[in-house]
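Letters are used for the chains, namely A, B, C and D, taken in the order the chains are written, and counting of residues starts over at 1 for each.
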């Protein structure tokens, strides 16, 4: 399942949902807000999502992962709104019988989420400017 | 740093040690006790370690990971003693600027830990028998 | 002419200055809608890395747009 | 003859019936110690997947063993 939230993400509570007596491996990924992007000092990040399609596309990605890797349990949470340095913007957790599929499935899910979910982030820089990430051409045309 | 412990592992507290304002990605791996191995129903697992060498070999593996992936923060904990189904036997956590190196470093560390640390596990089966994992030939010669 | 509601997101919204607007335009496909709004708001953004949905379902640029449809214009995404 | 202390782990300990023992044996290398203990305890375990340490440092099977050394015999490992 995918959740969209404006609150803190708590990985420890979330990973418990993935417990399965047949699971020997758990892999978790978190995207944290970092203080730098492409040479710019970043102060905070604002996430905007179009939730109806973020949810349906997220569920589609999780279903694809479960199809590729049998016996997988997978869950993810994405935050929206304003986030500070060090906060968790996205969490992906998977449990599987063995570690190979746990790593591969977790990686598949986060890679797909990043390019397919209708989510945008705006960086607020130390110099007072701001900019939409991945949107250099948009910015030029503004 | 690598820790050896006979107590519960708490990933949420541990991952906080890896916080770094320059880290945009966190990858965590956990090995859980599963209820089956090679067709045998497993009830619990007993881990034995030779701690002096498990620590020094673990530190060597973490140092190798840091050398391969700059700006990496990495930490791991391995349990010893008797563990029940679903308990966490080993935790590896890494934070890094980007997700590619976070996944690769985490995978490198767990793969190396599994084959290099002087740690052994004995499975206790539902049928009352027990056996050392990875030690079929030893068992035959006993 | 068709009545089409266009919704803008992120950079596109800031650029258009509105969340959504309803237009009477002569269009066949999602690409036509994109071009019309680009001209309307003076943008030169190519559609290459952008995405489009029609009535809350992901679509292609050559998907047909009907009278009364809502077209969602997504600038390049950057989740996580 | 050298005085060598041998420590056994996991399956090797169960098999030998002791944690460690001190032997007076005619050995040059870690492999010689492994063979001597194998004969002593009637095992046919090959050294291929096993590991050895001398005085708490990982060693090779052809590493030399000196008088008073402690040799640690590790069956195949299975951490995690």
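Everything below uses one rule, namely that contacts are C-beta pairs under 8 Å (C-beta built on N, C-alpha and C of every residue); 3 or more make two chains touch, one makes a residue touch a chain.
Remember, predicted model here, so these are calculated numbers, not experimental data.
Novice: Relative to chain B, which chain has the most distant C-alpha mean position?
Specialist: C
Novice: Could you grab the centroid distance between chain A and chain C? Build each centroid from C-alpha atoms only and quote it in angstrom.
Specialist: Each chain reduced to its C-alpha mean, chain A and chain C end up 25 Å apart.
Novice: Any idea how many Å lie between the Cα centroids of chain A and chain D?
Specialist: Each chain reduced to its C-alpha mean, chain A and chain D end up 50 Å apart.
Novice: Using Cα averages as centroids, what's the distance between chain C and chain D in whole Å?
Specialist: Roughly 73 Å separates the two chain centres.
Novice: Give the residues of chain B touching no fewer than two other chains, as numbers and ranges.
Specialist: 31, 99, 110
Novice: So which bits of chain C are touching at least two other chains?
Specialist: 80
Novice: I'd like to see which chains touch which, written out pair by pair.
Specialist: All chain pairs meeting the touch criterion are A-B, A-C, B-D.
Novice: Name, in rising order, each residue of chain B that touches chain D in their complex.
Specialist: My answer: residues 31, 47-50, 52-54, 57, 78, 89-90, 110, 113-122, 132-135, 137-142.
Novice: Spell out the part of chain A that touches chain B in their complex, as residue ranges.
Specialist: It is residues 10-12, 15, 19, 21-36, 85-86, 88, 95, 97, 99, 102-103, 106-107, 110 of chain A that touch chain B.
Novice: What residues of chain C sit close enough to touch chain A in their complex?
Specialist: Listed in rising order, the residues are 9-12, 14-15, 43-46, 49, 51, 53, 56, 58, 72, 74-80.
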